[in-house]
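By written order: A, B, C and D. Residues from 1 in each chain.
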Amino acid sequence: MLKIHEPVIIVNFKTYLESTGKKAIHLAKQAEKASQETGVQIIIAPQFVDLAKIAETVEIPVFAQHLDPINPGNSTGHILADALKEAGVVGTLINHSEKQLRLIDIQTTVELAKEKKLVSCVCANNPTVSAAVATLKPDITSIEPPELIGTGIPVSKAKPEIITNTITLVHQINKKMPILCGAGISQAEDVTSALNLGTHGVLVASGIVKAKDPYNILCTFANATTK
Amino acid sequence: MLKIHEPVIIVNFKTYLESTGKKAIHLAKQAEKASQETGVQIIIAPQFVDLAKIAETVEIPVFAQHLDPINPGNSTGHILADALKEAGVVGTLINHSEKQLRLIDIQTTVELAKEKKLVSCVCANNPTVSAAVATLKPDITSIEPPELIGTGIPVSKAKPEIITNTITLVHQINKKMPILCGAGISQAEDVTSALNLGTHGVLVASGIVKAKDPYNILCTFANATTK
Amino acid sequence: MLKIHEPVIIVNFKTYLESTGKKAIHLAKQAEKASQETGVQIIIAPQFVDLAKIAETVEIPVFAQHLDPINPGNSTGHILADALKEAGVVGTLINHSEKQLRLIDIQTTVELAKEKKLVSCVCANNPTVSAAVATLKPDITSIEPPELIGTGIPVSKAKPEIITNTITLVHQINKKMPILCGAGISQAEDVTSALNLGTHGVLVASGIVKAKDPYNILCTFANATTK
Amino acid sequence: MLKIHEPVIIVNFKTYLESTGKKAIHLAKQAEKASQETGVQIIIAPQFVDLAKIAETVEIPVFAQHLDPINPGNSTGHILADALKEAGVVGTLINHSEKQLRLIDIQTTVELAKEKKLVSCVCANNPTVSAAVATLKPDITSIEPPELIGTGIPVSKAKPEIITNTITLVHQINKKMPILCGAGISQAEDVTSALNLGTHGVLVASGIVKAKDPYNILCTFANATTK
């Protein structure tokens, strides 16, 4: 099972055209190069359709963006843990604010991931939900206030108390839980302030995917984590 | 855009272990061989994660099992038409009984598919729903009574009136709509009786995926369509 | 079963505070008075919790805002047709754009309504979806472009082609289907233009619920239908 | 706000015909009589449509079976806290296994309930989910393994470890959280064993609703809580 090296950067490719198909592979390679250059762990989460090719192209860890709470069988149109696994995927986002799940399904997918040795990174919209997530014992909890996603207004500056409250509440449940934050992170100083608040990394998307030079931005982000 | 050659056989890989990863590629090749051998159009619908590799491995048409009603952007964990397209996918199942959609989302995905030149095959549980589907002008309508799915009891024998009623209702809306049927089809004679009832092909899954020799069964199915 | 007298006005109470509890009963009485005064059929659709008291207070027809596709049994938190029926409810909205259903569930609820002799009024967002709805044979189809709901910009003026296309498509399926339209209707002339376009009535909400004098506005709407 | 007197019995009316309309009122009166007779707090959770009349008929506390995460406005077909409140409802079940919610919606409804001074009783399917629920600070947590619901096989006997694990995990989060259990409870001794395991009451449904003499059964249940 993948070992998380903090501080970590997860790049969520979402469903942008800039991170689809050939462009997704290109972006994955830039992330890989930035990771190798800086020595910082950069994980990428491409679209399902692009996962297999990307996982065989790059050496950095590849996550899925979602996992369905199913076992092998007749579940047309669903995402099976075994399929991710065989494609070389080593972890998955769960309950991203754009793909929110019922509580029971979060629990089931976290356990499925554990069983299949996939790293689970469960997202939460606010500190209280983060605490609930922590009880489910995922490998990583990520806090992202949805109102800031895609805005370029960094959570680490605009709402630092969301991050510090999350850390307090999550660590009351589970002292060792790595906590990431995301939403609006588009500059190296946003990464620095996120880490200064006590997080163990960041979850980024449009700030990288839609950047003119993702490699360059990722290097500045990665370097910011080591200061 | 793919031209459908009736009678057609669509093999839904679902999320069986027998149709995941390397086994999915192997199964795809058997379907390709059966298609080439018999001259019958065989379309395969593997899991999302396996689509890209299969589409570059085989020459028969590859469908997705589902499409989300989204445009490029921030839709973490969703299936984007452009991603399917770039992976070499030429069509998609929509509203399979194991992945049923809101009416508005069926309409939106059919239109998205049309826009992206993906063949849309919309599934329906009963004749009335098939008629509703027909008004949305997909390329194919498929009728599958969910109570027979995976049973080995073929719809074409157990409930022929479901098929004939579907054909009547759908053709009142759209005379030229190709209509497939599925559920419980596991023997060549089930295919024959489906076509004799007036369908333009079959949608099969476990009968092929879990067969000891899928190539052989597919050949008998394909030959049954040309009798 | 309730007989619909065209042109009809349906007032959807939604979940506004102005149409909750005692205020809902007061609003229901104003609708009743406007109906009695003008001789025009006014149907009201209050919240579930208010249905029983309103149905025993007023003599105009009372609809539910939604019905669940369930039979009696263990369905905690769902809306049972028998419960509506026993409360004196005579019909129901289905698939309102704020409570959209899977296609299969629209079909099931329309049939449940028929079985229980509840009038079904199925809503659709656009002409194509209206045609799909018409195949399911509800008692009424209502077209409401969601982008105009609550705006005060009347569909009958802003997008008349949505209404005329709906009428054309729906009547190709079912010549006798009564068709209502809604969204943004807040003045008597919006009602007139809706009827002039060929509809059989209107579905209104905030234009009445949030009006200073709902009785007065409803009278002008009702009088507009008889010109 | 309603004060919970432990041990408490909550009767979920679900959507049985035996607990719909007039029969619901009759059942409510029997529950009231049993509560008055035994001095044990019995709370009833009828269907939405029956809530208002029942709340004005009986003096025992009346809960809803579900609450939607909405504020007043345009939410056709949803359950508004203000509507419950004005109908005399004093609390609500949330996330019953037959009406499961997304994690974010559980949190939102618990906070809405708090704001409106409605007692929140959040249900969970297993001990881990119970712990997650406890972090959201509802007034009551209830554990119900869905596989036993409606079976007559009491959770307190068949799976006592589910109850004791729930109590342990929940009390690690919140020492004072009242914990109920449900599923299969149909005899007085099931109630006794549930309390002996450390719960603060029971959540019952078919065992009462479908009993020949619900008053009598409820009295034996109530008496069992005071032994």
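To be clear about the criterion, a residue touches a chain if its C-beta (ideal position, glycine included) is under 8 Å from a C-beta of that chain, and two chains touch if they have at least 3 such contacts.
Given the structure is predicted, the values throughout are model-derived calculations rather than measurements.
Enquirer: For the two copies chain D and chain C, is the contact made of the same residues on each side, with over half of the numbers shared, or of different residues?
Expert: Same: when the shared numbers are divided by all numbers used, the fraction is over half.
Enquirer: Starting from the mean Cα coordinates of chain A and chain C, work out the distance between those two points in Å.
Expert: Here chain A and chain C have centroids separated by 44 Å.
Enquirer: How many angstrom lie between the centres of chain A and chain B, each centre taken as the mean Cα position?
Expert: From the centre of chain A to the centre of chain B is 34 Å.
Enquirer: Taking each chain's centre as the mean position of its Cα atoms, how many Å separate chain A from chain D?
Expert: Comparing mean C-alpha positions, chain D is 37 Å from chain A.
Enquirer: Provide the list of chain D residues touching at least two other chains, using ranges where the numbers run on.
Expert: 97
Enquirer: Based on which chains touch which, is the overall arrangement a line, ring, star, complete graph, or other?
Expert: Basically the chains close up into a ring.
Enquirer: Show which residues of chain D lie in contact with chain C when the two form their complex.
Expert: 12, 14-17, 20-22, 47-53, 65-66, 70, 72-80, 82-84, 86-87, 89, 93, 96-99, 149-150, 205-206
Enquirer: Under the stated contact criterion, what part of chain A meets chain D in this complex?
Expert: Listed in rising order, the residues are 95, 97, 100-104, 106-107, 124-126, 128-129, 131-137, 169, 173.
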